[in-house]
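Heads up, there are several structures right after this.
The following pair of complexes shares a single chain, subunit A, combined with subunit B in the former and subunit C in the latter.
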Partner chain A sequence: MSGMEKPRNRRLFPHALDVANGRVDMTHGAGGRAMAQLVSEMFAAAFENEYLAQGNDMAVMAPPPGRLVMSTDGYVISPLFFPGGDIGSLAVHGTINDVAMSGAKPLYMSAGFIIEEGFPLADLKRIIEFMAGASRATGVPIVTGDTKVVERGKGDGVFIVTTGVGVLPEGLHISGDNIRPGDAILVSGSIGDHGIAILSKRENLEFETTLESDSAPLHDLVAHMVAAVPEVHCLRDPTRGGVAATLNELANQSDVGMALDEDALPIKPAVRGACELLGIDPLGVANEGKLLAFCPAGRAERLLEVMRSHPLGAESAIIGHVEEGQGRNLVRLRTSFGGDRVVEWLNGEQLPRIC
Partner chain B sequence: MSGMEKPRNRRLFPHALDVANGRVDMTHGAGGRAMAQLVSEMFAAAFENEYLAQGNDMAVMAPPPGRLVMSTDGYVISPLFFPGGDIGSLAVHGTINDVAMSGAKPLYMSAGFIIEEGFPLADLKRIIEFMAGASRATGVPIVTGDTKVVERGKGDGVFIVTTGVGVLPEGLHISGDNIRPGDAILVSGSIGDHGIAILSKRENLEFETTLESDSAPLHDLVAHMVAAVPEVHCLRDPTRGGVAATLNELANQSDVGMALDEDALPIKPAVRGACELLGIDPLGVANEGKLLAFCPAGRAERLLEVMRSHPLGAESAIIGHVEEGQGRNLVRLRTSFGGDRVVEWLNGEQLPRIC
Partner chain C sequence: MKYASEFRDGALARKVCAAIAAECQDGCAYTFMEFCGGHTHTIARYGLEQMLPEAIRLVHGPGCPVCVLPVGRIDSALELARDHGVILCTYGDMVRVPGSHRDSLLKAKAAGADVRMVWSTLDALKIARETPDRQVVFFGIGFETTTPPSAMALKMAKAENLNNFSVFCNHVMTPPAMRAVLDGEGLPLQGIIAPGHVSTVIGTGPYQEFADRGQAIVVSGFEPLDLLQSVHRLVRQVNEAAPRVENAYGRALPDDGNAKARAVIAETMTVREGFEWRGLGRLPDSALRIADAYADFDAERRFALPYRAVPDPKSCECADIVRGLKRPEECKLFGTACTPDAPIGSCMVSGEGACAAHWLYGRHRRTAAAE
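The block that comes next holds the complex of A and B.
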C-alpha cells in the first residue's frame, strides 16, 4: 500500500471510484494506476496512520522495547458479514489475540487482501471500514498491506491474512509447553458463541437465534491478567476446533492430562440448544473473543477476580485443573451426572470456514 | 502452526499422510486433528527452526537492535510452478525484498496459506519444500504460520501471504519520498524476465522461450550497497506493473520528473522478442529479482561498481536520472532513435496474477 496516503489525487485519478455500484476487476490487482487508486482511496484513506503514510512497500517503526512477538492468521470466513462482526474486524481481533496470548502488547499489524473479481466495491469498503474501526479501537495500526485480485470463481469474495507484531516485557514466560500439574484452568466467558452465530447464517443451515459472535480483542484483558498474576503459565484463545481442540493440543504440548467440570462450563442456553439441534459438542465450537488461562492453583482465585473485573471477562470461570502426574495427555470431562468422558480431539469435519 | 514440531507422533496421528496420492480436504483447515497432522508433518517438518518449535500461535524472538521494518505481500501467481521458480520460493523472496528495500536486514517471516480443497498433497509438499529451501538459503526463518482450506472452486490451488520483519540500522533514510533532483537511477539487471517467463506458461498464451524468472532475494545485494554508499536515497523492486509503474509511483511520491535512456535499459533479446509478439512494453513487465536505486549523481559510479561486483547485480546499469526542478512528475524515455516519449502508468489490464 504504497505512495498515496492522500484522499484523492485528481490529476492521477481523474475519475472517482464508483463505490456504490462498482466492482473489483482484475486491474485492481495488477500493479497499475487502477490498483493505486483503489489502495489510495479505500485502504489508505480508512487505515490512515503515520506508518502507512510513509508510502513504501514496507513500514519503518521505532525499536520495540523488549522481545519481539509475531503471529499471522488467515481469514476465509463465510459469510463475510455475520451477527456480531465481519471478516475485517475479525481479522484485526484474531491476530491481536494471537499476539496477546504470549503476554505481549500488540503494536502493529499488516493486512494482505485476496479479492475475487466482481466483488462489490461497496462491500469491500464496509469491510475496510470495520477493519479500520477495530484497528483504531484497539490502538494497533495497520502499518502496511497488500492487495491481490483473482479471477471470478478462483476466490470467494474476500480473504484476509493479518500479521501482528508485539513486544513482550521481561519476566513473562507464557507458552503452550509451560502448563504444570496442578494448574487451574480458567475460561474468560461463555463458549461456542462465535461458531453457532456463524452456522446460524449458513445458507443450508439457517435457524433462528439472537446469538452474536463474541469476536473481541483480548489484549487489554491479558494486560490486566499478567499485571496482577505474572505467574500465568499459559494463555490460548480457543478458536477453530474450540475448547476441545485447544486443550488437547496443549495437553500434548505440555505432556499433561486435564480434567474439566461440565457444570462449571459457561455455555449460553442458545448455544446449548443449537448444538443439540445440530448434533455437535459446544466444546468443539469456535470462539473469537475468549481465552483459556492456566496458572498455579493458589493464584486461580486472584486471577479469576481480575478477569471478572474486566468487561471482556465478566463471565469468567474456573473450569477444571491439570492432573497430577504426566503422560496420559487426555482431556477428561466430569459430566453433570457424575460420569466421566474423554473430550475427543476431533478430526475437524463439522465446522468449515468458521474463521 | 502450533504445538507439533516433531516429525510424527504415532500416537496422535496413527496413519501417515498419503503425500503421494492424497489431497487437501476441508478437515485440513478446520482446527482439528487432521489439521494438526498436516501442520506437523508438512509445514513444521520443513520449516523447522527454534521459533516455530515454540509451538504456539505466535513466536517470541529477541529484541531487534534497531528500528523495526515490516512488510506483507500476497502471492496468487498462476501457474504455481514456473521456469526459475514457484509460488513458495517467490513468496519468500518477494517479502524479503520488500523489507530489504528500506535498507533493513530481514530477520523473520510468517506465512499464511489458503489452500483449495482437492489440492494434491504432493504439490503442497513441493511448494513447502521450495519455500523452506529459500528460507534456509536466505537465513530468514519462517517463525509462525497459518493454514486455511476453502472449498473446491472457492480458491485456486494455493495462495500464500508472507510477512517479513527486519531491523534498520541508524543512519539510513531510504524511502520513496526521498528521491532528489539530479539523482542517478540504477537498475540491478535485465528487466521483464519474470513476467515473460510466467506468460510463456499461461495456457492460452504458450510460446517457446528458455527464459526463467529472475526470482531472487535481494537483501545481501542491498546490504553491500548501503554499506558502500549509505547516501542511497531510494530503493524499490519493480514487481507488478514493472519499471514503468514503479517509476511513476515514485515520481509522484517524491514530486519529481525522471528521464530514462532507452539504450541503457538492460533487456534480454528473448524478453524484447516476446514483448513485440505480445504487444506489450517491457517497462511494464514484472520483475522479482531486480531493484531500482536512486542516489546522488556523484555516488552513482561507486554504487554501480558495488552492484556489479555482486552476483545478483552483475548486469547493473545506470538507466537515467531525476530531472532538475519539480512538479511535472512525468517519466520520460529518450528512445534509441533520439525521440522522447512519456512512460505511461498503465491501468493494469495486461498481466493479471503475475505474482
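The block that comes next holds the complex of A and C.
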C-alpha cells in the first residue's frame, strides 16, 4: 500500500488514528480535524493520485476526445467481506462494468462513503485498501470522494456510491434497444457464482461451499471484444436479478423475444447444487464479473473466440438467440428435459419453497 | 447431480409417455389429481401435460399450503405483527400473500412491523433467545411435511423455558383435504398422485380409505420421471380395475413413514374441531392446534387472537382452482389483474400454486397453440 506508510502530519494531527482498535465516531463526519485526518490518512493515502493531490473538493481534468460515458451505482452488500471479494473492490468493479457495457474505456471514478457510527477503523481500512488495489489494477483512479457518518442504527456498517466516467471509441453503437431478431446471445462465463457465494455467508443460511464471487472488472474483456467485433449490438452485466432479469429487461427494451438453450448454460455444479437445495433458479442469481453480449449470428463464432481467449471469458458460451417479439417479449428456455418454459423475471428476492 | 439428473432424462421421459399412450384404452377416462403443489410445479415446469397422451387429464389439487390458507389467517398474522408488536418469523412464501385490502406481511414490514423471513424454525428460536425482551412468533403453516419442525420448536421452547416464543399454528392435514375433494362436486377422478414428502411423515397407510373408495393411488416423488412413472402406474391400476395404494417413491419413503416425527406432533399438537380452508370451506378435524400442555407457547391463546372469516376477493377463482373445478386460465383475473407481481388470489402467490406455475412456465405454450 504505497501511500499508507507516509509519515503523519504531526503538526496537523498530533494523535495517530487507532486503526487497530478504533471506531468511526460522529466527529469523523463532522467536517473538523478528525474528519480531515480520516480522509488524509486513510482515503487519500490509499487512493493517492495526482487529482486527489490537488486537495480540492473536485477533480479537474481535460476532457478526452469522443463521447463521454457516465454511470453511478450504490453498494449496500451484506456481508461486507465475502468469499472472492468485499464491498470496496465490488464498488470499483461494478461501476467500471456499467461504464464498460457501452463499449467505453473507463477513465475516472468518484467514491462516496456513508459510514455508520461505531464501524471499526480496521474494517474501514481493509475496505479502502481493497478498493485502492482494485482501482490500481484496473488503471481507473478514484479522483474525488466524500465521507459521511450516520448515527449508529441509521446505516449498516458502510455504504459506498461510486460514479465512473469513460470515453467511447468511434464507430460503436452498443445499447439495450439495439438488439435484433437473429442475434446470438453470449455469456462470458459461469452463471450465479456471486449470488450463491453471498447467500452461503448470509446469517441463518450459512452453508459450506468453496464457491467464490466472480467480482471482476470487465473493461479489458470488452475492449478486446469490440476491437474484434465492432458490430456488437448490446452488452450488459447480469447483476441483481441475474440473467433472467437482464434478458427480460433487454427483451422489452429492444422489443424482441429470446430463446435460450439450457444445455448451453455454463453453471458450476456447486451453484446448481445450492440452487436445487434452496429451491431457486440459477438464472435469477446475481453475477458481478460476467456479461451478456448480443451480436449478429454471423459474427458470433468470432466473438466467442475472442471472449474465450481472454482470462475473464475463458468459459464463454453461446446460450441462445433472439427472436421476433410479437409484442410479448418472452424469454423462453429450451430445457435439457426437452420441454420449453418461460424464463420470468423475479419479483423481489428469490423466495425459498416451503414444502 | 446424483438423485436428481437421472430423474430428469428427457429421452427416457418420452419413452415412458409412449408406453403410457400405448396402454391407454379407448373410452376409458384417466382423470388424476396431483394433490401436491410441488407436483403441480414440476408438471408445469417440465411441460408434462403436453407430453402425456390426450386421454390423461391432470387436475391440480389443494396441496399448496399457501393457497389453502384463508385470508382471515393472514389477517391474524398481520394483526400479530402490527398490533401486538411481535417479531413475526415466517417462511418466505408467506410474505407476499395478500390479506384483506391487498395488505401483506411485506407491506406491513415496509410500514414498520418486524417481520423476518426464516428458513427454519431453528432460526426463529435463535431470534427468541437473542431478543429476550421481545415476543417472537413463528408463523407455522403447511401440511404434514412442515409440521414436525414446528412441533420440535414447541418442545425445545418448553424445555428451555423460552417464554417469549410462541407458534401461530396453521398446520393442516392431507387426508381430510383429499376426503373433501372426493366428497365435493369436482370432476370425477380415477386416481390420485399422492404427495411424497407428506408421506415421508404419515406413511402410505392413510391413503387406503381412498383406494377402498375406488381411487387408484400412487405416492410419487417430485422429479419429472417420478411423476410420469406414477401416471403410468395409475393407468395400469385403472386398466386392471384394481385400485390400491402404491409407493413409487421408495428411495425416500418407507411405507410406514416417520414414527418419531408423528410422536412429536402427537405430543405437542392436537386435532382442531374445524378449520377453514380456502376453496374447501370449513372442514372438521382437518387441522392441528397446539396441545393444552403447550398452551403457553400458543400464539392464538397468548395474544387472544380472534378468527374472522373473510370472503375471497370478487371474481377470484382460487376456490374452484384448488378443487380442480377450473383451470387457472379459466379465471378472468389470470394474467390480467392477477399476476405474480400483484397477486389477488393465493394460487398466484406461491410458486407451487397452480396459477403461478401456469403463469411462470405455461404462457408461451398457449401462444404457440394459438398460432
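Here, the second predicted complex is superposed on the first by the 340 of 355 C-alpha atoms of A that agree within 3 Å, B and C clash if a C-alpha of one lies under 4 Å from a C-alpha of the other, contacts with A are read in each partner's own complex, and residues count from 1 in each chain.
Rule of thumb we're sticking to: a residue touches a chain if its C-beta (ideal position, glycine included) is under 8 Å from a C-beta of that chain, and two chains touch if they have at least 3 such contacts.
Only a predicted model underlies this, so the values are computations on that prediction, with no experimental measurement involved.
Undergrad: In the superposed arrangement, does A:R272 touch subunit B (first), subunit C (second), both or neither?
TA: Only subunit C is touched by A:R272; subunit B is not.
Undergrad: Which holds for A:T72: it touches subunit B only (first), subunit C only (second), both, or neither?
TA: Touch partner of A:T72: subunit B, not subunit C.
Undergrad: May I ask you to decide whether A:A62 touches subunit B, subunit C, both, or neither, giving the answer as first, second, both or neither?
TA: first
Undergrad: So in the superposed three-chain picture, is A:G339 touching just subunit B, just subunit C, both, or none of them (first/second/both/neither)?
TA: Only subunit C is touched by A:G339; subunit B is not.
Undergrad: Touch test for A:K148: subunit B only (first), subunit C only (second), both, or neither?
TA: In the superposition, A:K148 touches subunit B alone.
Undergrad: What is the contact status of A:G133 with respect to subunit B (first) and subunit C (second): first, second, both, or neither?
TA: The answer is neither, since A:G133 touches no partner chain.
Undergrad: Where on subunit A do the contacts from subunit B and from subunit C line up?
TA: 347-349, 351-354
Undergrad: Show which residues of subunit C lie in contact with subunit A when the two form their complex.
TA: 1, 4, 8-11, 13-14, 37-38, 45-47, 50-51, 65-66, 91-96, 106, 117-120, 123, 126, 141-143, 145-146, 197, 224, 340-341, 350-352, 359-365, 367
Undergrad: For the complex, which residues does subunit A have touching subunit C?
TA: Within the complex, subunit A contacts subunit C at residues 204-205, 269, 272-273, 276, 279, 326, 328, 330, 332, 335-342, 344, 347-349, 351-355.
Undergrad: Inside the complex, what are the residues of subunit B that reach subunit A?
TA: 2-4, 9, 12, 26-36, 54-76, 98-99, 101-102, 104, 108, 110-114, 143-151, 153-156, 159, 161, 163-165, 167-168, 175-177, 236-237, 239-242, 245, 248-250, 252-253, 284, 286, 345-354
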